[in-house]
Amino acid sequence: MSKYQHIQDACYKANMQLPELNLVLFTFGNVSVADRALGVFAIKPSGVPYKDLTPEKMVIVDFDGNIISGDLRPSSDTKTHAVLYKVWDKIGAIVHTHSTYATAWAQAQRDIPIFGTTHADHNTVDIPCAPPMSDDMIKGNYEYETGYQIINCFRERKLSYEEVEMILVGNHAPFAWGKNGDKAVYNAAVLEEVARMAYLTEQINPKAPRLKDALIEKHWQRKHGKDAYYGQ
Amino acid sequence: MSKYQHIQDACYKANMQLPELNLVLFTFGNVSVADRALGVFAIKPSGVPYKDLTPEKMVIVDFDGNIISGDLRPSSDTKTHAVLYKVWDKIGAIVHTHSTYATAWAQAQRDIPIFGTTHADHNTVDIPCAPPMSDDMIKGNYEYETGYQIINCFRERKLSYEEVEMILVGNHAPFAWGKNGDKAVYNAAVLEEVARMAYLTEQINPKAPRLKDALIEKHWQRKHGKDAYYGQ
Amino acid sequence: MSKYQHIQDACYKANMQLPELNLVLFTFGNVSVADRALGVFAIKPSGVPYKDLTPEKMVIVDFDGNIISGDLRPSSDTKTHAVLYKVWDKIGAIVHTHSTYATAWAQAQRDIPIFGTTHADHNTVDIPCAPPMSDDMIKGNYEYETGYQIINCFRERKLSYEEVEMILVGNHAPFAWGKNGDKAVYNAAVLEEVARMAYLTEQINPKAPRLKDALIEKHWQRKHGKDAYYGQ
Amino acid sequence: MSKYQHIQDACYKANMQLPELNLVLFTFGNVSVADRALGVFAIKPSGVPYKDLTPEKMVIVDFDGNIISGDLRPSSDTKTHAVLYKVWDKIGAIVHTHSTYATAWAQAQRDIPIFGTTHADHNTVDIPCAPPMSDDMIKGNYEYETGYQIINCFRERKLSYEEVEMILVGNHAPFAWGKNGDKAVYNAAVLEEVARMAYLTEQINPKAPRLKDALIEKHWQRKHGKDAYYGQ
């Protein structure tokens, strides 16, 4: 048995949740899962239909984007994953999809306003939309620079990647992450639902105000604060 | 067999209808079912995925929010349920979800206008949206105060909780109730569909008028009046 | 075997298509199927969940709305069906639903404009929305008058019920009909899809023009004209 | 075994993907698959429900629209397929649907703006909407002229049918094509999703800009350029 079997299994399982949760059409998405001790991550092979995936097909890549093990070409977004793992050292898994509502916000180049407690249960800020990349970044090492576009957006806004586990890349689509594959996929699904609710909220009331600070704080704390009382 | 088995069974069955009716993503919802004679209710444990639920896992709580029986922590919204049971003494079950369209109206802080007979078959008024709570209420006993926010909204508007079995809590999400678990879940699903239709109605005709009084009265009476002739 | 078995079977089969086609939530719909020689129709019993239906439960009613056979109470909309069968003597089946998009147009009190060939394959006119009924009609024999509201709308607009097999009743919901149960349900599903497409068309282009006459004529003739060449 | 069996099998398989991908209601769609060496294509029979299809029922037609083999009448859109095969000599399969969002754009008579990388992964231009046909074309050889309306639109805009494999026909619905049945159906599904995302993008930001040229070029090249690195 390969020494990477555990992350290949976790990566396979997480990838297979994307079509179940209606987050992908065809192969428009990928999940990776890292082993920090080994300094590598497993990622979906590029362009392979979900129904043809097996754990063994997950490609092993290091945090510089070098292929360590695997017969297939990894996702074309692999370098974006690598950069995020390298710079943000507590991430255990990353999800990229083109889920419909989150992508529509990315195409609209707008942050998703925090309108309600569904959002505040997961974030205390508007979900950031990084601006589209400069032409130089696009023409250079594109996927690598996409990772830095995400990281720079967080730096400029003084956001913590451990608190805000999702972002939109302008004109492109969402990325989400978390401590493991299940959490990262969960975040990707939450982002899609929050994006859908925010879209509907503005349609119903174009002047809908942002959620008040006391509610943002309360909902965040009851799920994530030191006295959190959500869950078991 | 536990003396609470009957409400645990009913509560389990009602909770399992939420994902079937597409009213919840992950664990974003909960149902409770009360036994008035015993003075307690069974409620979903907090944060446990629906697929992992069993009747035995339903937690038994009294109308002051004290845990009477159960190994798991009850829903974080338990005190809201407790307050509603305590003050409104003919409720047999309560449902809380973050269903998409109803939540969007709650985030938009708007009552759902009564536009058609689908609505009038179940209510004679716009579905109320309680205003977001004051900062003091939020920072205090939040879930307990959420219950009072609902009750106060009904008092101020002179609504009967036996006639209007649903509400939106501003910036949060819907609550529905009924004489038993099936009816409460039914109401939660009706609310979601009425919310969706009202949203579409305003998109199609921003000046769509409220339903005329004669139709409101007729549809309510034929389903709920003393000479009702709907159903068996 | 009952002499009504054939229409009970057809009625049961047609009713069961409604949830399959996502045209109903709970019991918000009903289908009837007539036998013109016997002067009766079979109709869904009121408020009985689809999963509990059997052919034997379909109630037999004559064209004046009298129950001829059956242990259950027929649909609360039975008199509307009876009037339509009595006045429009070539209808073989009727469907009433509260399908989401068609109901939203009915609540918006607007005809559905003919925007494309999907519509013209089935109708040459905007799908009519009958105005909400007068208070006298509502307070009188409501369901009976609903039938006349539909018939009067067709008379005033000089429409043929054999060519236009669907209508919206303002503030209420759609009705569709056809020569048999399958065709009536087909029409109800087409109406829902045409309603959805028309809603989206106006969102994408608020000034979208009506379909040009030549295309209306062409698409209608190729499916329904004397030289029709659609189908087998 | 018929010498057409291979294209009948491929055509059957491609047609059956349409309902799976939610691209058709009832029989509102058809796929054809060509054999260039034999100079014929297999196409769905007109008006036959998908569940009743078998490979043997696919009708064999030549590029002038003459039926070569088959007991059933071919799709009423057969001549449109024939013209496209005849003029565009590298197409291997064609799909026509009335999928909801793409049809709404066609009814709105608007090109679908290129708003994001999901679009640029498949096209470098706004997806063209051919204008509605002239009355003469409609009253003449309608389906044949529909083919020329598509071809003329590409000529006028100087588009390559090998690079842009999809179009909207104004007031009608989408057509897509590709080297084989799987690719043509894939393109029809991508078009529907891109149409849905573009609709949402404009709702969220009515002033959303077109995708910048550098991103259009980058995403197209990484999937289709000479150094493409997407897929295996």
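Order of writing sets the chain letters: A, B, C and D. Residues in each chain are counted from 1.
Quick note on the criterion: a contact is a pair of C-beta atoms (placed from the backbone, for glycine too) under 8 Å apart; a residue touches a chain by one contact, two chains touch by 3 or more.
In this text, all values refer to a predicted model and were calculated from it rather than measured experimentally.
Graph distance from chain A to chain C, where chains that touch are one step apart, equals 2. When chain centres are defined as mean Cα coordinates, B lies farthest from chain D.
Residue numbering shows that chain B and chain C use the same positions for less than half of their mutual interface. Each chain gets a centre from the mean of its Cα atoms; for chain B and chain D, those two points are 46 Å apart. Centre to centre, using the average C-alpha position, chain A and chain D are separated by 33 Å. In chain A, the residues touching two or more other chains are 203.
With chains as nodes and touching pairs as edges, the resulting graph is a single ring in which every chain has exactly two contacts.
The full set of touching chain pairs reads A-B, A-D, B-C, C-D. Within the complex formed with chain B, the residues of chain A that make contact are 115-118, 186, 189-190, 193, 196-198, 200-201, 203-205, 208-209, 211-212, 214-215, 218, 222, 229-232.
Those residues of chain A lying in contact with chain D across their complex are 25-26, 28, 45-48, 72-73, 76, 98, 100-101, 103-110, 132-133, 135, 138-139, 142, 171-173, 199, 202-203.
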